[in-house]
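Both of the next two complexes hold chain A, though its partner changes from chain B to chain C.
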Partner chain A sequence: MTARNTLALTVAGLLLMAGPALAQPTEIRIGVALEPPTLDPTAGAAEAIDVVVYQNVFEGLVRIDQTGAVQPGLAKSWTISEDGLTYRFALNEGVTFHDGTAFDAEDVKFSFDRLLAEDSVNAQKALYAPISAVTVIDPMTVEFTLSRPDGLFLFNLGRGDAVIVAPESAANNGAEPIGTGPFAFIQWDRGSRVVLEQYGPYWGEAPALTRASFVFISDTATLTNALLAGDVDGTNNFAAEALAVFENNPQFKVLVGSTEGETILSTNNRKEPFTDLKVRQAMAHALDRQEIIEGATYGYGVPIGTHFAPHHPYYLDLTDTYPHDVEAAKTLLAEAGYTDGFSATLKLPPVAYARLSGQIIASQFAEVGIELELINMEWAQWLEDVFANKDFDLTIISHVEPFDIGIYANPDYYFGYDNAQVQALNETLNATTDEADRLALAQEIQTIIARDAVNGYLFELAQTGVWNAKLDGMWQNAPVEGVVLRDIYWVE
Partner chain B sequence: MGGGFHMTLFLVRRMAGFAATLFVAALVIFLLLDLLPGDPARFILGINATPEAVAALRTQMGLDAPAHERFLAWVGGMLVGDFGLSTTQRLPVAELIAERMAVTLPLSLIAMVVSVVVGLPIGILAAMRRGKATDTALMVLAQTGVAIPNFWFGMLLTLVFAVTLRWLPTGGFIPWDEDAGAAMRGMTLPGLALALPQASILARVMRTALVDVTEQDFIRTARAKGMTKSEAIWRHGVRNALLPVLTILGLQFAFLIAGTIIVENVFYLPGLGRLIFTAISERDLVLVRGATIVLVVVTTATMLVVDLAYAFVDPRLKGRDA
Partner chain C sequence: MNWQQLGRHPSLAIGLMAATLFALLGLVSLWWTPFPIEQISIARRFLGPATEHWLGTDHLGRDMFSLVMRGTLTSFVVAGLGVIIGIGVGVPLGLAAVAWGGMVEWLVLRLSDITFAFPAVIVAILIAALFGPGEINAVIAIGIFNIPVFARVARGGALAIATQDYVAAARLAGLGNAAIAARHLLPNIMSLLIVQGTIQLSLGILAEAGLSYIGLGTQPPATSLGLMLRDAQSLFLIHPWLSVVPGLTIVLIVIALNISGDGLRDAIDPRLRHEGLNHGAG
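Showing the complex of A and B:
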């Protein structure tokens, strides 16, 4: 009897504590899988940092919009010199940082001097190497001098790595970020959530949302439950395998869009037998892209035949360069002297698309006589083994940097592709600002690396967001990393 | 040769053992983590970072010093309460651990209390009805409770009470000082999920211990003196059966502090388990080291307390040990 009474009391007690949580029409709670290590986008590569702060807390001179185009940001306009070496920016007036200090050209200079300094820990420092000087012309005008023309300069200014910070607060941005954006940082319950609130004195148009929290939920099943229960209002990129639950549910909308993630079967071009073009061509013929896309991305990936994003205007469809053809693959392997095939290792980082693609590719390669040993790795180990020490045969990874075809011009890069022609073309491309010329150059490089079968080109990762059906204004595509809150609103 | 001498010797031996355990644990933790492949600086800066930037960060993090120097600095710092700075979060490790303890400690306590309140009465009831249908039913229930993984039970609770009924949140944690009621609501389902297997184990241990005790002479004497079976068990049995239960409770508490990671994941709670898990994958070795040593301290201290409690409850143990 005692036990039963106690139980009944316990249950009653628990029920009393229960109470419904009501969503406010100007608040949003977004579930995200990864918690950022810090909140300073200028001192780390983690995408999770940009997800929370990019364009919300911090702003750059320019900003990238949903289509990937460059729009005015803290700079309202700019002029570019004939030779493409001087950029003069006119800054917006009345801009303040969240701690009340005023923004002016000195902050711009400070931010870039910090980024380019000897002891800078900016993860993308190399992108800004062309900058040779930042000069304050007057408090509302700043001038950048480049050592060489850079076709991506404006785009790079719009990245999270190049946001403008204040000398008074820069050192603390990791724990307490202070920017100029429409949302100010309120609190970070570590391990749990980050809360932002609308910044009243914001210089631009006020956003519809007054408060936003990013809730960190790493487990897919748990995030599914949190969405279904209404404990979170959406997530910007949900695991493809979990989308079926939401697709036919009128309370939710599933947004499928593009990302900058070229997912490739990275191949160590320095190492036998991959130094042999015929071997790489055989591997390309052995791949059945559609099967991989179905199996590893539940059909959401977009096939690619080269290292370029399909939604980009410069993209060239080269998926037919080496169509899936087991016999052709076997013939090429025999010509290369591998009549009985060969064995190799495939090192896989801890992401679902890589682990799933790996298994499918192993079975596809087995058909042509290539025996793959799958090795699962953590990120830290992958970065050290594969990326830094180049100790690998094959790996699967999504390259998420926008317009990153330049990695094929760097023989020291981890996959070690060394082609003088591509290096020369890339140099010309970097120094060219004319759109038509840039397009021709970019497409020529795409074609060469596709024909050379440098890596196995698999698919472009999709962004698959799940949101409450009453929410609107979310970015469908992810041209840069971030969950931009400024346009999101509740539809009544 | 008084009992006082024995007691002092016993305490000294136990404390020395405690200190030695901690030192060995610190050494093992440090060495194992140092062998782990992966560079924390590279992890933070990602694949596009220049070698100079990675080198600059390594220096900032203090990773340049040789291993023995870093070990001594770490142990020396801990002796004065300084656990160092987390490499990824750039915050004092002690502060990060304390934040997580505000979740893990109450959660473990709730699970303990629920498991005691539910488990012990069930065990006593089963022992009193030994061999009868009630006993069988309760023990089948307890066996099931032990067999069900707590994360699965947690997901079941979520589906029923959070997704379907919407009485409680699916997870997450609101800080105590912000809304204590909400914090308590957030702890309810994970607390229950954690308590179920513990309560089942306690029920089984309690029943077995009590059945053993009832076969002892003093119970027979009590019965002979005219007590009913229930009276005899209540007056004399339960107290004597608590000794093995105490041991299990100590083990369970240590387990709850360290072993809640899966349940923390299911309920996205910012507890110690998740902190360590994330820190390992981010190669935040300073944080992993600090958090692990705290767990070692909690576990060995709990065992020490149980040992001492034993010695006081059963004075024979002191003599035997010395």
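Showing the complex of A and C:
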């Protein structure tokens, strides 16, 4: 063998070795802060469930796209009757669940019967209350009958709570989810990660990624290091305080988008002294929204003056209803009979925005004479004390449900706002399908709850994703909870 | 001990002075800090050290020097109460073991063996996890892991004294076990206890910082050095100064207490220099 031959062989060998490395990567590792308690999106309220499985493992009849619009999903088309009470869906053919069983109209009926059953554990059961019957017309056609018109019906069908499950596997979905989505569940290493793999026989367009793992890293410093070291390829929501690490780094892209999370200083409207409108108005005047946004979200939050997402077309800017005004707050407190202020407790769930906002608000309230005692709680305790038992004065929480102004029409809800006018307006809103009327009604409710200062309206949470600069197709905004993998791909 | 003796042990003098200085800083914070620690001012956050804010400001615009003062107080109070619990329970146990002997001694020793088998901070985490986070539980946790340390030290010291003639004389004179322990054993192991107490104080400060750092100790809006570290950790790459200040403070306090402890040991009883007193390794 001549020297030239040896050289040629060596070069060929090197090329062979380099070959696989040059191919487009098709795997992704996503760091997420919270591990889901279960993987069944129809059996829990935790956002962490949808982050892993929504539109990846499970699909609904329709799906919500990045802009919040409703797109065809398992149903390829639908017709709505004149009175808005009957929806007929034509289903896609050739759809199979990941265990190989076929999808048809019976699965749709099963899923909704299960969701609406007495013993259903679905967290959003109330959203689907208008459904009075689900009828199988033929294997590829299903009809929904509603008891009253519902302007948000299609959107609600696209939520993670209404995904289609199979009777054969539904019971095990919490530990081993089986859906119809482009990715099949492979394994769940508890405390560490969930692995998904592309489902070959997927009925729709195959995604670019072949494998995805969701790695659970709750600590910001650890996640920062994992991103810098390349142990994870991105995260959908990174702590705003440390975002500066990645902002000017060309290896990463930072995606700042909107979410549906209205962060509010929830006030127990049943309890003295918060039953007094003047006290609530005084608290609203005492809040310095800009300082809270700067301090708790590092400027990424968007100010809100009512319980509505600022990027929604129905949003009304009411941030000036009660501007920051210490003197006005003191006057109102005096008029309400609290010349020397009062003391109250502020229960805080274990999320950074709440803990930071809590400290800032305590300092702002101290200026008008309201002494707040901060009580830090774990999630389970918070859910029980505040949300279930309504045993609280004040708390800070982000309401991440899209279009959730209806909670103000429920006097049994944890903050206990009871206003007959709002309840009537909300009922009309639910039954109205005309866009212009809906907008007027939604804005009227927004105005009333803002004037009533039901809660302290702080800011809309931002979604701040950090991703490898070579990744593309991630959702910038979060109109629904979830990290949708189907559009994500690597660019070279 | 007098000033002359102190002069012969320069490390003791330095250690005591530094430890006292930190303790005073903490005490003063009860009445005065340069800025109120609850006062949040986002506009002034992340200021570096300057004439107005000697150590700069943190992520909520609070004055770092004020926070360090109050944090030092928390650390000293929590660790100090932990040591007091350890002495209050451990020393009587150790003395009882010597005075009564037999089953009592066996029981005390086995109980301390069991407690020693678990690393101290793990015990503290267990307690804080069971009873919830908070300063009081941190005190209890630190107190519990101090008990066997002091029981051992008290027993070790008292064993040597129990064989002395004057103890035998007291026994002949009709004094009971409890009276002998209180009148003859306890006063003679006092110096040992002071030395061990100083060392346990520094370990307690580390434990408090550790518990607060993992979120099981002091809760905001109160502050402690460990909590300051916790707040600063996600900002470490952007504002390293916020971690350096509480970190260095902890290091300095612990060094000061350790050299005080070593110095006290040498000064009080030179014979002890190469013996015992290793019970405190936690």
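Everything that follows uses one rule, which is that the second predicted complex is superposed on the first by the 468 of 492 C-alpha atoms of A that agree within 3 Å, B and C clash if a C-alpha of one lies under 4 Å from a C-alpha of the other, contacts with A are read in each partner's own complex, and residues count from 1 in each chain.
In this text, a residue touches a chain if its C-beta (ideal position, glycine included) is under 8 Å from a C-beta of that chain, and two chains touch if they have at least 3 such contacts.
Note that this is a predicted model, so its numbers are computed, not measured.
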item: First (chain B), second (chain C), both or neither touched by A:V121; value: first
item: Partner chain in contact with A:E294 - chain B first, chain C second, else both or neither; value: second
item: Touching partner for A:E384 - first (chain B), second (chain C), both, neither; value: first
item: Partner chain in contact with A:E35 - chain B first, chain C second, else both or neither; value: first
item: Partner chain in contact with A:A46 - chain B first, chain C second, else both or neither; value: first
item: Partner chain(s) touched by A:D231 [first = chain B, second = chain C, both, neither]; value: first
item: Chain B versus chain C as contact partner of A:F216, first or second or both or neither; value: first
item: Residue contacts with chain A in the superposition, chain B compared against chain C; value: B
item: Contacts of A:D189 with chain B and chain C, given as first, second, both or neither; value: first
item: Partner chain(s) touched by A:R355 [first = chain B, second = chain C, both, neither]; value: second
item: Common interface positions of chain A, toward chain B and toward chain C; value: 219, 221
item: Residues of chain A touching chain B in the complex; value: 2-3, 6-7, 10, 14-15, 17-21, 35, 37-38, 43-46, 118-127, 174-175, 189-193, 215-219, 221-222, 225-226, 228-231, 350, 378-381, 383-385, 387-388, 401, 414
item: Complex interface listing, chain C residues touching chain A; value: 38-40, 42-43, 45, 59-61, 133, 219-221, 233-238
item: Chain A-touching residues of chain B, taken from the complex the two chains share; value: 36-40, 42-50, 52-53, 56-57, 60, 88-91, 96, 99-100, 103, 114, 117-118, 121-122, 125, 155, 158-159, 161-163, 166-173, 175, 181, 184-185, 188, 192, 265-271, 274-275, 278, 281-284
item: List of chain A residues in touch with chain C within their complex; value: 219-221, 224, 239, 241-242, 244-245, 291, 294-295, 355-356, 359-360, 362-364, 366, 374, 376
